[in-house]
Amino acid sequence: MSAPLLSVRGVRVAFGGVKAADGVDLDVNAGEFLAIIGPNGSGKTTFINLATGYVKPQAGTIRLEGRDITSARPRDVTKLGIARAFQIPQLFTEHTVLENLMLAVAANQGFWRWQSPLGSPAVREAAMDLLTTVGLADMVGASSNALNEGARKLTDIALALALKPRLLLLDEPTAGVSTDEKFPLMDRLAAVLRERGVTAVFVEHDMDLVRRYADRVVVWNQGRVVADGAPDAVLTDPAVLRDVVGVL
Amino acid sequence: MLHFIIILALAAAFAAIPAFFPWLAFVFTLVLAKGFAALGVAILLRAGLISIGHALFYAVGAYTVGFLSSRAGVNLLIPQLVAAAVVSGLFGLVIGLFMVRYRGIFFAMLNLAVSMVGYTLLSKLYTLTGGTDGLSIATPRVLGMTVGREAFEAILLYGGLGLAFVVGIVVHRYLKSPMGEALPAVESNEIRLEYLGIAVPRVLLFAYVGSAVLAGIGGAIHALIVGHITPDLAYWTTSGQLVLVAVLGGIGGVAGPFIGATFLESVRAAAVIYAPDAWNIIIGAGLLVVIFFLPRGLHGLIERITRKGERP
Amino acid sequence: MDFLLPMLVDGLAASALIFFIAVGLTLVFSVLRVLNVAHGSFYAVGAYVAVTIGGVVMSAGAPQWLSFPILFLSAALTAALLGPVIERTFIRFTYGKPEAVQILVTFALFLIFEDLQKLVFGVQAYYQDAAVNVLGISDIGGIIYLNYQLLLIALAAAVVVALRVMLHHTRLGKMIVAVVADPEVSATLGIDTRRVYMAAFTIGVFLAALGGALASPNSGVAPGLGAEAIVLGFAVAAIGGLGQIEGAALAAVIVGIARVLAIYYVPQLEPVAPYLVMLAVLLVRPYGLFGAATQRKI
């Protein structure tokens, strides 16, 4: 078996006595779709914050393809190919949806050229493609401030996709997206990710989505990984059903 | 398009009026000086950063000219302007490296603190700056030619207007570039910018240095037209005027600060006669009026008019 | 080393005055979440009111000792006249508004105060040093100290203690602490947050005005006092950590010592010593000695 893409070893972090990660060991393998499930407040989002350098662990190491990124900042981690989408969408509320995407595309395409316009044809086209991918092509001119929650989520995911990441971390990607839209969105997203060979980690509460899209499931409870394996095995484990799935 | 035509018309009026009222030439040159500096303040305002100490860079530009003229004997217009821009840019770089770590009230207060230190130094370092007596600036030679005072003032006014146009276009293009568009994004969501892999401190440092250069150019023009400079140029009340001009002009476009400066210097010309001791009250009250009633400034008014014109 | 101790007293006495500004600034910030750029103006107004009243009373032939309570009276008068009015009108407008609006509004107030002082009190400098003279000097171990300076240091220490007692053992203080912790919950518990804001702001005005009044016998009053006051007060508040009362006290002591060291080793640096300390502290700890970074939840 090849070396894992992301490797987390002995990571601990606590916020005022609450242990969000309590000696976590976890590998993310290249090409897989890994779902992280667990009760609210168990530290799932903290895992994403740790992996992207937003939160620094008090102990342990985090490696990306063997390279130590434990003390890297979010922008360093991003440049190494990890992108994230947020549980609460993080948009540029003073800009339109298209401008949001163009900023993301331009971030690694001539960002420092200070006399060229943001909306060059190539950047504009790439931004439009991304919006089409997430199904927001008819929202380009809207202010990102005026969108409904579902559209904000989709814009947020598109911003992460614009970075062409190798590893995409999605924090509850379908929260706020309407029930009819969930599966079509995830179908499109999964297809794009598979096509580009992107590895994905998604924190999710919806077990139907986990069953359908995850190659592997990790169960997180009270800052620890309490189960790890194929969806069929983990989601039928009586202990997991009792402690985790039952309380979701 | 309508927008651009309005700005062209304003510029034409700006150029024409002093031809009919020569005594206004001096006021209008000061308008350009303040406009350049306020444009610098306005760039930072786009990122939600309020510098209440930018008069420091205005003074650095002015004192660079003053030093060259009275201490180094360099009485050449173009080298003086270039030196003012470069020196204030260097000051901006050094101070900016520290400032870009801060936002909001810390950014505002630290800029104020640094400017007050600068003011103190300008007042105390007598041998270098002439202390509170200040420095006098002789009329420099222009492109190798010796010119009379009247001709020089005309050159400064119309040359300054031309420079304002060129600089305005450069700044406009910058604000529309990815780095310029990232400025409001710093205010609305800095975390997302970080997660796009963008080094926010670099974005802000570029803006800060640029704003210092603009303030330095303004200060240099001020020194040249007035012919005498004192540490008051760096005092916080001068910073207050720059902030008001930037806010008054609206932060929407590059013409805003120049419109704001025209308005304010006109008021000042009247205030000197009718209320000489209440100038800061006027500035402060003006700020309050803009914040309470005109959140997007005077430039916002033009935008509103043109919007109505374009979308009936 | 004989001259170091008097220098230290001198430095700490100067710091005590800055502390009065800083502690009010920090208190108002922690309750109202507004950093008042015009706070230094209250220091200046307090000084002007003190020399004006002092001058009138003294020239009427009142006993010298009266000059001392007049300082406190002046500060109280300044606070009573300005505190509630300014809070009710301009400051209240900025609650919950973007920080940029808060900065611009209080900065505008600062500009307005600058000229108001000149219009009301003129541009000449005033001196009224009866309070220093009446307290006399002490001879401790052969060294002469101004009793007034020793008193300033003691008063600053007393303010720290008094604020502690007030915040933790009085009704108003407990309400203030509750509002600092959570304004919304406090409101639902029946605390009149509007009154708490007004009270806290007025206490801040009083402390700043007291600083100014206490400064006036020693150094007189002249235009430009407010700008110096807010900048130094902010430096001390920022070094201590914004919102930290004990932090401001410690920062004031550090700044006092730094000034003495500057006078001793590099006299030219004395006026900028507080800023150098601020620069050094903020480079290492961006949120001050006692302050903590707050990370946005994402």
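So that you can tell them apart, the chains are marked A, B and C in the order they are listed, and the count of residues begins at 1 in each.
Note that in this section a residue touches a chain if its C-beta (ideal position, glycine included) is under 8 Å from a C-beta of that chain, and two chains touch if they have at least 3 such contacts.
On a predicted model such as this, the values are computed, not experimentally measured, just so you know.
A.B. asks: Going by C-alpha centres, which chain is most central here?
C.D. replies: Going by the distance between chain centres and the overall C-alpha centre, it is B.
A.B. asks: Going by average Cα coordinates, which chain is farthest removed from chain B?
C.D. replies: Checked the centroid distances; the maximum from chain B is A.
A.B. asks: Report, in whole Å, the distance between the mean C-alpha point of chain A and the mean C-alpha point of chain B.
C.D. replies: For chain A versus chain B, the centre distance works out to 44 Å.
A.B. asks: Using CA atom averages as chain centres, what separation in Å is found between chain A and chain C?
C.D. replies: The separation of the two C-alpha centroids amounts to 48 Å.
A.B. asks: Give, as an integer number of Å, the spacing between the C-alpha centres of chain C and chain B.
C.D. replies: Measuring from centre to centre gives 33 Å for this pair.
A.B. asks: Could you tell me which residues belong to chain B and also touch two or more other chains?
C.D. replies: 191
A.B. asks: Two or more other chains in contact with one residue: find those residues in chain A.
C.D. replies: Only 54, 90 qualify.
A.B. asks: Give me the residue numbers in chain C that touch at least two other chains, ranges are fine.
C.D. replies: 298 - these are the residues of chain C that touch more than one other chain.
A.B. asks: Would you mind writing out the residues of chain C in touch with chain A in their complex?
C.D. replies: Of all residues in chain C, those touching chain A are 295, 298.
A.B. asks: For chain A, which residues count as touching chain B in their complex?
C.D. replies: Contact set of chain A toward chain B: 52, 54, 73-75, 78-79, 83-84, 90-95, 99, 102-104, 106-108, 110-118, 159-160, 162-163.
A.B. asks: Where on chain B is chain A touching in the complex?
C.D. replies: 170, 173-174, 176-182, 184-185, 187-189, 191-192, 194-200, 206
A.B. asks: Contact residues on chain B for chain C in the complex?
C.D. replies: Per the touch definition, chain B meets chain C at residues 45, 48, 50, 52, 98, 101-102, 104-106, 108-110, 112-114, 116-117, 120-121, 124, 191, 235-237, 240, 243, 247, 277-281, 283-285, 287-288, 291-292.
A.B. asks: Under the touch definition given earlier, write down the residues of chain A that touch chain C in their complex.
C.D. replies: Per the touch definition, chain A meets chain C at residues 45, 49, 54-55, 86-88, 90.
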